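The letters A, B, C and D name the chains in turn, as written, and every chain counts its residues from 1.
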Amino acid sequence: MKNCLTAEQVGEMLLLVADRIIAAEPELTDADRNLGDGDHGLGMQRGLMAVKDKLAGAELDSIDKVFGAAGMAMISSMGGASGAIFGTVFRAGGKAVAGAETFGSPELATFLQAAVDGVMQRGGAKPGDKTMIDALHPAAQKAAQSTGDSLGDALTAAAEAAAAGRDASCDMIATMGRAKTLRERSLGHPDAGACSVAIILAAMRDYVAS
Amino acid sequence: MKNCLTAEQVGEMLLLVADRIIAAEPELTDADRNLGDGDHGLGMQRGLMAVKDKLAGAELDSIDKVFGAAGMAMISSMGGASGAIFGTVFRAGGKAVAGAETFGSPELATFLQAAVDGVMQRGGAKPGDKTMIDALHPAAQKAAQSTGDSLGDALTAAAEAAAAGRDASCDMIATMGRAKTLRERSLGHPDAGACSVAIILAAMRDYVAS
Amino acid sequence: MSTMKKLVNDPLKVADELLDGLVEAYDGQCERVGTRSIVKRVIPDGKVALLVGGGSGHEPIYHGLVGRNLADGAACGDIFAAPSPDIVLEATEAVHKGEGVLYLYGNYAGDVMNFDMGAELAEEDGIDVRTVLIWDDVCSAPPTEKHNRRGIAGLVPIVKLAGAASQQAASLDELEATARKAVLQTRSVGVSMAPGSIPATGKPTFDIEEGKIGLGMGIHGEPGVEEIPMTTADELTPKMLELIFADFEEDDEVEALSAGDEVVFLVNSLGATTMMECLICLRKAKQILTEKGIVVHDTIVGPLVTCQEMAGISFSVTRLDDELKRLWQMPCESVCYSKMEG
Amino acid sequence: MSTMKKLVNDPLKVADELLDGLVEAYDGQCERVGTRSIVKRVIPDGKVALLVGGGSGHEPIYHGLVGRNLADGAACGDIFAAPSPDIVLEATEAVHKGEGVLYLYGNYAGDVMNFDMGAELAEEDGIDVRTVLIWDDVCSAPPTEKHNRRGIAGLVPIVKLAGAASQQAASLDELEATARKAVLQTRSVGVSMAPGSIPATGKPTFDIEEGKIGLGMGIHGEPGVEEIPMTTADELTPKMLELIFADFEEDDEVEALSAGDEVVFLVNSLGATTMMECLICLRKAKQILTEKGIVVHDTIVGPLVTCQEMAGISFSVTRLDDELKRLWQMPCESVCYSKMEG
């Protein structure tokens, strides 16, 4: 059980995130087939393979540099909506924790809030639009309430909130992205990007718990 | 049992031929799928529907006119190899019996021989090339030997020879038409046009027997 | 079904390999630039530049619309994925000749975000960038929200017109204005009968009941607005045209289509739908347009905007005014679409 | 599979209805003549006429090759069936402007018999008719029997060259000679992965084992010369090109293809095969041609000669001499193929 992560550990955490997302490619792709164009898993897989290469190569001595490098790797390698969106999560989140020596529950809260703000600014979606925001935003809220807890507890709460948000997205009517023309028929399926957010936060939790 | 057909009866006989060929469309189309482009039955169906229209409309007072009208109807309506080939059967055959008051076993022999010659001249194929000639030519030979017999017996023999020729075409290697690129692999399948010839002669036999 | 039998090499490299092939198809007219862009070899200094782009897998668009009197370059993404900002930037720098660059592409969340990020980077380099989004798919949002619509096959006449305009445009403003007009006057409706497949997975992009048609289906296989029973060409064609007529009627920003209007009419196949079917639908569509007194100045038919071997068809109508008509009559040449003068 | 979901009306009328649509696609340039022919509205008096034709169902050829600097008319048969002699005669009379008519079409038993019967009727009317058969499919017979070969996608460059020549030809002899040269210098190889379907029956035109490719498959789905296991674009492309190179080598009537030769290279999709796949194959083919020092003067890619939604691809090589190169550079426009000058 780790409570404050060093830059190096943040890098290790992202490697676990990468492996989990890459392993989940088929399920993420299927999720996008229901509402989108059936390629979300492929894009995320491409992006997180690039993250692994980037982190393997580079000398990254600060937390914000690690997140920033990961974000840039995703943006450049993925393209698509998710490249911009998930790249922004790590870039905007990383910028917000610039200067921090370690990554603890306060930094987690800062990171997630900045990520939500960055994604909303980039894509113009709001909570309730049936996008990954509906998993990311509740996670950020939980993290904001957990700054007094250990990083492990904060991540457990945030991951739980993200999973709940993913499930809640089933009951939302898409108004953004490819799914919006489905209107009512988008009901009953979770948003693909929300599935990715839940996987990412669960992986972060598991790394810290290990 | 009719022994000598009037022009009117020749017309009736061709109507039975037409109905039999039209009914056989699926089997003829399948035969062409094995070696050709899978449309022989469709072409023959088109052609013999046109024959029915033509014979229904026209005032045809001589045997050669009846056959000629049928042949022209097939040529104009079918196109394709079989339009030219089967149209030629009736046009060339009909021309050869011009002047005949009735259609008996001698006329049958004349008709079939002229049909074979016309088809060979038109398309350049010879017996053994795995075409409809391999059913038509043996039928013509049998008819030539049956000029002393009744039309019914002559047609029974000719139809039998045509069916045998159709079966024999299974063992031939195609050298003409679409099937020729199959070479050895054309073995084992009868030629589609040969199937039509067998059906045509069987229908003529049955009309006369009725 | 041919989906399992695609002639490719590494399924994850198809976007790069098809772009190499596309460059060859241009016989020296275009070259590959940066990560995944295609750009004309010769772009005159001082020309206002036109950049298109989007995800791969819809060939011959978008990158096939680079050419003579057409786009100067295209930023190409991976299969069904918008090009990354780096790619957009590389393409922008390659086509820029001092007078700015117009981005003209289909309105998809991924494309907008990535092209915008690319534009931000380009502007840091002092390049003047404008964006005109293509949103011709009338089935993807009501007229009041038309700026949320997707871009589909209508992009072909739109890029043709903008490409012609870019040869003569005195300024980026002028090109932008012409492109906006072409978008405003272009409306499309698509249907789909069967999905295409994603090269990397071989999986269909969507499922549709046997015997059903997806009305308003997007070119990425996004589900349509309604599923209707399979019908005949003569039944479906009026349904589709009606949606286009109604949209011109309901949208306050344009006049209703009326007798005497001159249009370009495009019948697009989404891939596996045969030219035979497109022509049979065109036959009926022309009857209907003629009855309304609408004059078809030019007709285009073929698989120009595809989604792999998806079965489906779309109609696009672009109304021409004098300026657009003059631009239309310019010759053009590309892998996607070519025409002689007139 | 989309075969059961074709957008047609009466399946037995598709050939007539698609031709009506094709006439509309020509925007007044062509008109329908007689039973089932399409002919240019304006053919100058004294022009040596070029007539093409064949069965329908392979759109955009053959009837899509009527146009500016292309064929003057086309005699169209029913689906996969040669046009009847009456149709050939009607088309012949419509295109004839006093200097005779060249028939240029693919070498199939049905077409030969029907066009010959049509020619006999035309000659009775005192029209001078010549015939040049297209036999570019090297897989359909050995070089020694090349006049028994089928005509496949190579007909597109051949008709393009003959169409250009017909604009200038002083006599029918001259046009015939140029067309013969274009045929002699054009060789093609095709493969197929999956059948198309016959509109009237919905049945596939042939069966092929899952995971197999028919090498040398004809455009009507006639079985190929060999079935090989499905492979990659980079494995298959050299196999196909080798057959073309070998044929130029083995045929005494032509020189082997060698460094410095200029060619037109066509990558044709038989229908459902995506432009993506064609471009990936083109990428490899260009590498191989370039290694041999063969100069590709112009590349054409797309579904020009199809068999409904058949999955398959073909390569065609046409070697240009100075005359053919000059003819190639003329612009042309039609529903099937258009290019600007150069």
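We take it that a residue touches a chain if its C-beta (ideal position, glycine included) is under 8 Å from a C-beta of that chain, and two chains touch if they have at least 3 such contacts.
Everything quoted here is computed from the prediction, not taken from an experiment.
Counting steps between touching chains, the shortest path from chain B to chain D takes 1. In terms of the stated touch criterion, the partners common to chain A and chain D are C, listed by label. Work out the mean CA point of chain A and of chain C, and you get 32 Å between them. Averaged C-alpha coordinates give centres for chain B and chain C that are 54 Å from one another. Note: centroid distance chain A to chain B, computed from Cα atoms, is 75 Å. The distance from the centre of chain C to the centre of chain D, each centre being the mean of the chain's C-alpha atoms, comes to 28 Å. The multi-chain contact residues of chain A, meaning those touching 2 or more other chains, do not exist; every residue touches at most one other chain. Touching two or more other chains at once is no residue of chain D.
Shown here, the protein chains touch in a chain-like sequence that does not close on itself. Applying the touch definition to every pair of chains gives A-C, B-D, C-D.
By the touch rule above, chain D contacts chain C in their complex via residues 1-2, 4-9, 14, 17-22, 24-27, 56-57, 59-60, 64, 68, 193-194, 199, 210-211, 213, 230, 232-234, 236, 271-283, 286, 296-299, 301-303, 306, 308-309, 311, 313, 331-333, 335, 338-340.
Residues 12, 55, 77-87, 108-110, 113-114, 117, 139-141, 148, 150, 198, 200-201, 203-207, 216, 218, 220-225 of chain D are the ones that touch chain B when the two sit in their complex. The touching residues of chain A, when paired with chain C in their complex, are 29, 33, 36-39, 42-43, 46, 75-85, 122-123, 176-182, 185.
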